[in-house]
Amino acid sequence: MISKSFNLYKLLPWVVTCILLSPVLAIFFSAFSTDESGSFQHLIDTVLSTYISNSLLVIVYVVLLSILFALPCAWFVACCEFPTREKLQWMLMLPLAMPPYIIAIVYTDLLDFAGPVQLTIRALFDWQPSDYYFPEVRTLFGASVILALSLFPYLYLLLRGAFLTQSAGLFHAARTLGVPPLRAFWRVSIPLSRSAMAVGVSLIAMETLGDFATVNYFAVHTLTTAIYDTWLELGSLTTAAKISSLMLLAIVILISLESYSRRKQQVYQRNGSGNTELRFVLTGWQKWGVLAFTWSLLAFSLFIPIATLLYYAVNYFNASLNNDLMQYTLNSLWLAFLVAILSILVALLVNFYQRLSPGLGAKSSIRLSSLGYAVPGTVVAIGVLIPLTSIDLWLNDVLLGLDLKPVGLLLSGSLVILVLGYLVRFSAIAVGSIDSNLVQVSPSLDFASRTLGNGPVKTLWRVNIPLIRKGMLTAFILVFIESMKELPAALLLRPFNFETLATYVYQFVSDEMIELAALPALMIIGLGLVPFIVVNRLLEKKT
Amino acid sequence: MSALNIQNLSCSYQKTAVLENLDLSLHDNEIVCLLGESGCGKTTLLRAVAGLQTELTGQISIRQKVLNDPQTYIPPELRKIGLIFQDYALFPHLNVFDNVAFSLTKMTKQEKQQRVQEVLALVQLSDLSARFPHQLSGGQQQRIAIARALAYQPDLMLLDEPFSNLDQHVRFQLIHEIRQLFKQRQMSALFVTHSKEEGFAFADRIALMQAGKIVQIDTAQKLYRKPNSPYVANFMGQANYIDVQVVDKYSYQSCFGLLGSNSVIEQTIGKQLRLLLRPEHIEITPDLKGEALVKQVDFQGALQQISVQFAGQEFTVRYSNSSSECLAFSVGDRVSLTISNHEFVTFENC
Amino acid sequence: MSIKKSLTVLLAGTSALASSMSFAAEEVNVYSYRQPFLIEPMMKEFTAETGVKVNILFAKKGLIERIKREGKLSTADLMLTSDFSRLTMFTEEGLAQPVDSDILNKNIPSQFHGAEKQWYALTSRARNIYSSVERVGPAPTITYQDLATPAFKGKVCMRSGKHPYNVSLLASIIAHEGEAKAKTWLEGLKANLARKPQGNDRAQVKAVKEGLCDYALTNSYYLGKMLNDPKQVAWAESVHINFPNQATTGTHVNVSGIALTKYAPNKNNAIKLMEFLSGDVAQQMYAEINYEYPVKEDVQPSKLVASWGKFKADDIKLSDIAAQHQAAIKLLDEVKFDL
């Protein structure tokens, strides 16, 4: 017999949530226990309003641009038939493997005043700088375009999935009621994919808010700039924490509002057969339009940056070849692999906690465990340092007190801290993608398994995991790729003599030396693409 | 030995009581139906028995084994029950064989094969074991679900609206088939539905629930004939009520005049009561001088259902078309009504 | 059961991760704000000479926070920075310890010492104004103050005002002239910019070459680096290097420097490395490879750098400039310099 009072399944998710939340809490705690230096007032008096409006504008632009890129692509690929559709459906995910700071450096290099594009224009027409108009690259809008180019696949991925699983019946019902396809798409398909849209948009918004490298590169100053300035230059942790909490508050409010507005929409999708056999065959100008749109999107987000990097990598091959590159590659790979696996475990834990005991508690554990995603990497990094160094210091004191050999920085001086930092940042992705998969699994299946003699863990293993395998694979790829690209936390938290490809690239990127950054950058992209293609092929075969 | 015994069970959700001090017990080999409107707590009760509903007070036991009481909570996987769902809940990633064999983890391959074939034969779907759930019709899916539960050899079967997703003609065929199967396998079952016809067809006894309580539990016949409240009376079928006054131990005074009772009336003389009259208890005859007036006629094949205005009240009565005279009533006809001799059911005035 | 299993796996993983940090017997650990490729040649030379392995951890932000958090357990021995505001911040946080070494005292002139010998500068670099060969020619008498006068409207390019090099230039102007005048200067400079501050120092030179602006505010050693790169030499040849304020306060000079951490576990090796970096071999390498000015007086700058001529450096105390660091940052916000 099992007693009512003890329940491991309730305890463990909260332990994990607390661990993931501890960095954020640690920052606030230490922030509000230090003195105010008046720099918050200074910020309010000077630049804060500009930073806030910049942050909001970047988010709005990036979200709108991502929708503009992703929504048509997802629908074309899911519901229309045209040449190259099958290639496109997985290739459109590939831009995820492009680190935005790399795309940024490529495009500023290409489109800058002194870059090849403008040089060519001037040489061609023999113009002087004042003779022509060329859009400034390093602007807020420019940064938004770059971010959108590397982030839109999140939305594409979710929307395509939604369009594919939506029951075609509803769409056809709309059409028999006299609604033309495009209107039916607008009135039926889009509202039905609202939850996918919401998840995608909030992922993109959080990633944008947490970005520093790209906007900084474009000389756009946002709230993240304010955090770095006040904390690392003015030394005011309080102000930095106040700004961070403002940002987090905005995120929490947004997410809650969204899920509140959707609270009545929870439906367990029945085996949606999808639209696969009823795709619209595109011809004529429609076909050419779609081809032009999708392939030029890929060109800008994938081919042009890769070609540029290839050009530099070839030209500076000897200078950029480094004996340790292989080691950095291996480091990047197994770190990304480990983080991806662990984040899936975290996601399974909190998601199943919610499934086993739904309610406010479980819901908040999901929300809280995802908060780290919206926090800029360096802030997470220092946030992770606070609890882990405290544990280390305490542990060593205890050991010394017991006359034992001290262990030094067991946690914070090792890769443990790096892995934790990554987990804090990226668990949200795994939690989100598994959650959206799991809600489609009817709870009766769990009950059926339970009453057929399987405990919760066995049910998880035998019923739920096989049914959400696709979501887990997606989560794996996304976290893997994010970890390959991750920079600020890696820079600050890694132990001595540990380089990843990203940190290695950064020393050149930070000095705008695209020529030396090109080769390792290509390796990041390449390694991100490989699992992508492999796993995706696997999935395509299965379905 | 009782197959299921529930004592004083209460359960509340967000501070409103869903089940309130509920008692229920099933005999061996008995099928009991939990009948009620949606939201009456019948599904919660079923889930409580399955162990899927926590936060309960009270006691639940199956065959004297305590599953729930203040000290105990047996998780669903250890309860040995079979649960059948409205949406079948077949695992979409497994084929029929693997679905049915889902609970048979400790068997050898051969034993598994044997058991699965046996239960598939019971539900007459032996040849579908390689199919996947989405390749089956609704009725087939539900049979597989039942086979899956049977393969586990449960002590008690719980069915949650199992037939409501099925077409009318498949439904009653399946109900009779499953009932026969359960009787043959001596299976006790608790069955939830909102349709009294399903309850009549499937169950030995019906427990009618209202707002978290069982208001009456008995055979279908008894519930229909001897309801213990107007709620039960109305739920089980058409009901007319008239005001009556107790005249003596054997008769009531009413708008139909003096009504003689078959049994002793155990009420104080002069007391006002309401008397239940089922449509079949009122006889209708054409009568040009009758005081009653036909307001509406509903031809239903074997009978006519007729609304009649009488004594300032409207009555629903039935006229069987099989009677030799074969009358046809029409609106505006004058008729007279008489009460046929039957066991009277009265309720307190409220 | 399987939760237990996964916990075991997790724990095993943790200990595997923890044990991956193995340390050689003789080593020294450096937290560096400078890119590794800039200092690796000197470190390799040090290892070759002494057999002591140098471990470098590079980041642009947050290293001071990390060392602070690690406290007495920190494995970092040295903090290497590319400007002195970080050095002073580091010492003010009480994270450094003084080093009294005859060799350091001998090699490094005293104006390049921290107040209590808690840090030492290793190289210095001038904040120059480059002028376009084509449109301006040499401008030997130019001053930082000139850049804010109306004659320069639309002609100046520079990187973000918040970059440490620019912050310290502004701090030095505050130290010389007071906050009010510095603010007027900064506003004037902002009004003269050909474009919003962006890019790095090289990008400013490029912009001059392409005719976007005539003057660029840039560090000295970039020109050397660009002249040495066949693909960038054309940019470098399009500018003259000028040392501003020769007639007045002298050219603003920043330093890269090093400090010994308070809890340095490899103190002896760390001091050895500091001494090595101040010595002839390393100083020569700084000069030849990175085109920086060596702090050791008898080590000559590289030929190229020497060809730019001697110049009068601003001799204000570095600590006086450091004292204005926060004021400079706030001033940049006030005039919304980067926005």
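Note that the chains take the letters A, B and C in the order they are written out, and that residue 1 is the start of every chain.
In this text, a residue touches a chain if its C-beta (ideal position, glycine included) is under 8 Å from a C-beta of that chain, and two chains touch if they have at least 3 such contacts.
Since the structure is predicted, the reported quantities are computational estimates derived from the model, not experimental observations.
Taken as a graph of touching chains, this assembly forms an open line, each chain in contact only with its neighbours along the path.
Taking each chain's centre as the mean of its C-alpha atoms, the one that lies farthest from the centre of chain C is B. Centre-to-centre, using mean CA coordinates, chain A is 53 Å away from chain B. Note: centroid distance chain B to chain C, computed from Cα atoms, is 85 Å. Put simply, the C-alpha centre of chain A and that of chain C have 34 angstrom between them.
In chain A, no residue touches two or more other chains. By the touch rule above, chain A contacts chain B in their complex via residues 1-4, 270-271, 357, 442, 444-445, 447-456, 458-459, 462-463, 466-467. Note for the complex: chain B touches chain A at residues 47, 50-52, 54, 71-83, 85-93, 102-103, 105, 134, 145, 148-149, 152, 154, 158. Those residues of chain A lying in contact with chain C across their complex are 8, 12, 39, 42-43, 45-47, 50, 108, 112-114, 118-119, 122, 128-129, 136, 138, 218-219, 221, 228-229, 231-235, 315, 338, 342, 345, 378, 381-382, 385-386, 389, 392-393, 396, 408-416, 419, 457, 461, 488, 491-497, 503, 507-508, 510-512, 515-516. Remark: chain C residues 1-3, 6, 10, 13-14, 17-21, 29, 35-37, 55-66, 69-75, 89, 160, 162, 167, 195-200, 202-203, 206-207, 209-212, 231, 235, 325-326, 329-330, 333-334, 336, 338-339 touch chain A in the complex.
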